[in-house]
Amino acid sequence: MALRAIGLNCTLKASGQSSTDKMIALIADALERQGVEFDETIRVAGLNIKPGVTSNEGEGDDWPELRSQILENDILIFGTPVWLGQMSSIAKRVLERMDAFLDETDDQGRMPSFSKVAVLAVVGNEDGAHGITANVFQALNDTGWTIPATAVSYWVGEAMGSTDFQDLPEVPEKVSQAAAMLASNAAHLARSLQQSPYSGTVG
Amino acid sequence: MALRAIGLNCTLKASGQSSTDKMIALIADALERQGVEFDETIRVAGLNIKPGVTSNEGEGDDWPELRSQILENDILIFGTPVWLGQMSSIAKRVLERMDAFLDETDDQGRMPSFSKVAVLAVVGNEDGAHGITANVFQALNDTGWTIPATAVSYWVGEAMGSTDFQDLPEVPEKVSQAAAMLASNAAHLARSLQQSPYSGTVG
Amino acid sequence: MALRAIGLNCTLKASGQSSTDKMIALIADALERQGVEFDETIRVAGLNIKPGVTSNEGEGDDWPELRSQILENDILIFGTPVWLGQMSSIAKRVLERMDAFLDETDDQGRMPSFSKVAVLAVVGNEDGAHGITANVFQALNDTGWTIPATAVSYWVGEAMGSTDFQDLPEVPEKVSQAAAMLASNAAHLARSLQQSPYSGTVG
Amino acid sequence: MALRAIGLNCTLKASGQSSTDKMIALIADALERQGVEFDETIRVAGLNIKPGVTSNEGEGDDWPELRSQILENDILIFGTPVWLGQMSSIAKRVLERMDAFLDETDDQGRMPSFSKVAVLAVVGNEDGAHGITANVFQALNDTGWTIPATAVSYWVGEAMGSTDFQDLPEVPEKVSQAAAMLASNAAHLARSLQQSPYSGTVG
């Protein structure tokens, strides 16, 4: 069965051009070269993801549908811009909603995210990618996601700079190479887990 | 001139009882014993703080008013619950909006938050307070706030526990002592900075 | 081929009883129940791991031998105590030495740690496990390790407490369950990667 | 009484040129322009700072003397390079040794570091400064240090770059400006605290 991937763009902007989109697309292209079907990139700020830690926070909450779409895929590309050296509040909100996975385990104690792979796209004008990677990996792993080797593609400019990733004349070669390796690792691991999922704990 | 303090409760709930409220109140009481007037605790989830990094994100944005109220005070008590070991998305949103301070400097390069003091209240069922403290202090300091010695009052239960701070039969003595020391330090430093603000850089 | 696991205890003590040992042993036992052979737990503070970011920092450096032993195994149990809410300086030193992996790639761009799995054991008197998990996962993933779902077993006591994990009358059931799930996931993923390693990027 | 400042360089190298030295010197010069006397920059890797959390770990431990020298000053410039996006293991060791301050309080509950100010110098080839700032500020504040507004001077290059700060043709203007503001704030706050120290909690 073909592997499928989805991108979440956690920029603060509900629409319009986004450097985070560009980094997600770079990963998506690399995944497609690995035979993975790419679903689409969701602009989370364009939805109404309500605060809370259940899977449905009631009327107007767009999380239940987004949650379903995420879980129909095998690979999650989690994309966030850098603000104050940290992930966006939109990114934080998405992770928070996944807290509910901890209570949604099956008979073998497996969360809905088990046997799925998550990777990270981070872009900013300057410093912040490593700190964000730490916090995102911890939250994604707590909520059941598996992290392949070298699972982040990032770009930030020189300290206190103001260039946007989307305005670079071309994608730096090191960024392309990192995305290619990430995609190779993610596709490989997602395929292994698709063919042979975690068994969970047997009572 | 009397010092004034305000509390921000960044719980995910728009209303109702909150352990974070209780910790903020503990600090507020300790500050009042130091002669500080306590304004009020704002329930941020009850407001519409729009995503963005300017001081006014347009129609319906409650940040401009909250921003003014925060800046009318000398001491900020920044309160957040723990989710997945991290600050809430509401807390992250508030910090994000303060990013605008970086561009709102006066002739001496001072942000609106300069010469003001910030302290932190963190409560959770289990582990997470130190990681949150790190990220909040970094973001608050980047946006111009001064951090007094031992500036966090926190309570979390044993690993993977589920007790709420507000359900403890009584406040643990170590928590009260930490809040008292925090208040003593915060009031002292805020008073010093009120009497003699940072001069900024003189061209 | 049988899977093999090794434990690194990054306590500050060169010898003697250690709560971190106890948590590593809990994971090791759970791994053995999954058919994994457990090598041994290395007390890193008893060795001379010199500062630096190469794989051999010269005379007296015990890292080259420890490095070899780590890489002979399929699963790394990285164990650290909590100090000031953060990993130990010994743990930091070990991660730092793995920085050299970034330059030790094979023809397909794979680091020596590729196709190996890392999990985490954290113990402290109080709060700190989530912040440590974030930083350790980021550093391990940067240096090529794969992180299975729910890859940390931790215990900390109530805020500002002073109980040691090794002095608990018995291991809390939630800790045992977390270790069992971690072991199930780690063994499964390590087996998959042993049978079918990452291919790296093909020029 | 004149204010005094000291620099700690937590590079992994015991001697020789260091980009971290250069950033500390930038801050030291700016402090001298504020009338602060600069003691010296200590190369911590050239000393034997033993692992542990007491103020004296026995024979051969250089911490007791370094600890005294630090505490003879009013301002601490804590300098660390970036490795894997994180502070060095030497920096981590120094913070760990300050854990002992928590038990070395006077009759008013004040640690030896109370009424002293700490600032941060971070340099790396690429990304990592914000994550380091978070962890260092948390640890320094826990151990009693006060953090002035905008208390970090950092430089890192573009993502995955390899330029050293000391090899830049000149110090970027934004870095000089940040150092000047940091020095202005640190000197001001240290002077206030020298004239009027924290009173601690009065039983």
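Here the chain labels run A, B, C and D in written order, and each chain numbers its own residues starting at 1.
Operating definition for what follows: contacts are C-beta pairs under 8 Å (C-beta built on N, C-alpha and C of every residue); 3 or more make two chains touch, one makes a residue touch a chain.
Note that the structure is predicted; figures quoted are calculated from it, not measured.
Visitor: By mean C-alpha coordinates, which chain is most distant from subunit A?
Guide: Max centre-to-centre separation from subunit A belongs to D.
Visitor: Quick check: more C-beta contact pairs in A-C or A-B?
Guide: By the number of C-beta pairs in contact, the winner is A-C.
Visitor: If you average the CA atoms of subunit A and of subunit D, how far apart do the two points sit, in angstrom?
Guide: About 35 Å separates the centre of subunit A from that of subunit D.
Visitor: Quick one: report the Å distance separating subunit A from subunit B, using the average Cα coordinate of each chain.
Guide: Computed value for the inter-centroid distance: 29 Å.
Visitor: Counting only Cα atoms for the centres, state how far subunit A is from subunit C in Å.
Guide: From the centre of subunit A to the centre of subunit C is 25 Å.
Visitor: Multi-chain contacts in subunit D: which residues touch at least two other chains?
Guide: 84-86, 130-131, 133-135, 138, 142
Visitor: Under the definition above, what is the set of subunit A residues touching subunit B in their complex?
Guide: 12, 45, 51-53, 83-90, 92-93, 95-96, 98-99, 131, 135, 138-139, 142-143
Visitor: Contact residues on subunit C for subunit A in the complex?
Guide: 109, 111, 113-115, 130, 133-135, 137-138, 141-142, 144-152, 177, 180-181, 184-185, 188-189, 192-193, 196, 198-201
Visitor: Along subunit B, where are the residues that touch subunit C in the complex?
Guide: My answer: residues 84-86, 126-134, 154-161, 172, 174-175, 178.
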